[in-house]
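By letter and in written order, the chains are A, B and C; residue numbering begins at 1 in each of them.
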């Protein structure tokens, strides 16, 4: 597999909610080993896209391919197996409130691998150190700040050493300094571990800081997709309006 | 008037559809989930006991006292004092213990359970389970479901003892019945079949209300309102289901078969 | 709640809340109250009728089986009057209203609280006690006896049907035994119980809703606490009212 070969691919994917086409015949090839960022105005189907990738939703038309296999055609057992390739950071971390930070990060290890207590502990500590939160294993999620919760969520997503990590709006609700810290974390972690990152966001600055590839979704359609510099500098009116943060243009504020 | 009837028709159709969805949900849990992991099951059982023990006690003891109160007045009117103890015993074992223990469990645990799972839905914790390839039906829902079935009979037995104690306090402590005669009368009136029926009833009630609570929580809308609605619907559905089940079980266990005409 | 002092502190807060709510009642928003009463009443009517019907059915079957054992099955009508009308129907009916209306109001108020809508009312110089709490409280107190009454009627009808159609008891005997054992005292006692439950439910629901602090979890908590506390205190209330009307306890 070459460095740029697609690991994750959407082929003509359409998804409807009621009579609204959230994704309309979207085709995208997300290359391995790079950070792909999908941007777009709120409610344009970015979260739907991520859920389709892990099989939390099924497309109405088209195929979602992971490593060449059709996710939509899998039975539950195959789906569970496929998900082992992924790690996901949910919007507020989706940490389990009934457990401590350490137990949260250890959770996938606990369920999928048979490690000794010490091995588990050391992998948890490594993961937490990787996200800049060493020694917080005994805290509880409601004792953490928003930024810390996201970082713990990332640690949990990384602890099983997945091939692909998904990020659902990683900087939402964070102040500029914390956002920048998360951006740095994303960039360094990917370089260190050589993984494939797929990020959805509407934070324009974050996108510029972390992306290798950028895709712009608007009105269910993929408006533009390509290397980050090309997209960011493009003249495409929708892309331009979004990245220049302008209120006038093809993107209507309803 | 026609609107009202149409509304009623829609309501009934809605209820039947929900019932179907509920049955499919439980079947799904049992099929995908199978038996829950033992550690989680024990934890849920303990939590349920801890939550319900005080409410059940506080409700059932006054009820027991009430039976003695009403029963004693009635019996003294007819002059058959020796019937008080059996009356108490039978009412407690056949109806009060399984029924009210279950009702309290429905209210306390039902709302808490539905809300708990609904909140997990809002916080995307259930999605997180799925994405980490750990089946939430097996690890989150099944333990709570089974805990209901196992703990309800336990609480019913406890309720039996407490209700009889409440009755005893009134009959013996206040109305001056003989303690020994009362307790002996109670024990004599309870047959093994009655006890078995009590346990069967409460197990059925426990299954019903934990299914309803888990179902409402699991299918809740992702919002604060969704949590509230899950909680409300689970209480009402649980109460109604328990009453319906109680009627059916009474017919089957005590009368024989539901006789038409 | 872990200790007696916690309990007393909570009781103090509850009492203060009830007093504020009561003070707001004369100024309450009447339209809001009527709207709430309609929603509560109409929304719960079908459920209460069903609850009454099935309570009656289960009581009748159980009563028949027990009386048959003593050889006195013609006393079924009396059993329903003394067991059902005096105790079971008012209690289950009021308890059900408490559960349904209580959890609905508690979660509604809690959702408003965490959505900062109650703060918004205050900032707009609208008193939330007059606009939100008092209307719901009064509506609850007014509607509960009506719903309990409906429950009672449904229970009696259902008892009659089950006794005569399923169990083959003689119609005339059943009805005469039933009627000769229902007195005005029973109906007044049911009314008092219903009013009491209505007051408990309304105050607890609004109080717990108001106390919601953060996020979706506190909505569930408000609902849960209301329902459980209403049932427990209601049970004790039930005992005292029965004692007042029928004597025998003190």
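FYI, a residue touches a chain if its C-beta (ideal position, glycine included) is under 8 Å from a C-beta of that chain, and two chains touch if they have at least 3 such contacts.
Note that the structure is predicted; figures quoted are calculated from it, not measured.
Go through the assembly and pull out the chains touching chain A as well as chain C.
For chain A paired with chain C, the chains in contact with each are B, in label order.
Once you count every C-beta pair in contact for both, which comes out on top, A-B or B-C?
It is B-C, judged by the count of C-beta pairs in contact.
Could you name the chain whose Cα mean is nearest to the mean of all protein Cα atoms here?
Chain closest to the assembly's C-alpha mean: B.
Which whole number of Å gives the spacing of the CA centres of chain A and chain C?
49
Taking the mean of the CA coordinates per chain, how far is chain A from chain B in Å?
For chain A versus chain B, the centre distance works out to 43 Å.
With centres defined as the mean C-alpha position, give me the chain B-chain C separation in Å.
Taking the average C-alpha coordinate of chain B and of chain C, the gap between them is 18 Å.
Indicate the residues of chain A shared as contacts by at least two other chains.
Residues of chain A never touch two or more of the other chains.
Can you list every residue of chain B that touches 2 or more other chains, as numbers and ranges?
Residues 123.
Write out the stretch or stretches of chain A touching chain B in their complex.
For chain A paired with chain B, touching residues are 51, 54, 56, 76, 80-81, 83-84, 86, 88, 90-92, 94-97, 107-108, 111-112, 156, 160.
Enumerate the contact residues on chain C facing chain B in the complex.
Contact set of chain C toward chain B: 46-47, 50-51, 54-55, 57-58, 61-62, 64-66, 70, 82-83, 86-87, 92, 95-96, 99-100, 103-104, 106-108, 110-111, 114-115, 165-168, 215-217, 219-221, 223-224, 227-228, 231-232, 235-236, 238-239, 242-243, 246-250.
Under the touch definition given earlier, write down the residues of chain B that touch chain A in their complex.
Its residues touching chain A are 32, 123-125, 127-128, 130-135.
Within the complex, which stretch of chain B touches chain C?
Residues of chain B touching chain C: 8, 11, 55, 58-59, 62-63, 65-66, 69-70, 72-74, 83, 90-91, 94-95, 103-104, 107-108, 111-112, 114-116, 118-119, 122-123, 170, 174-175, 223-232, 235-236, 239-240, 243-244, 246-247, 250-251, 254-255, 258-261.
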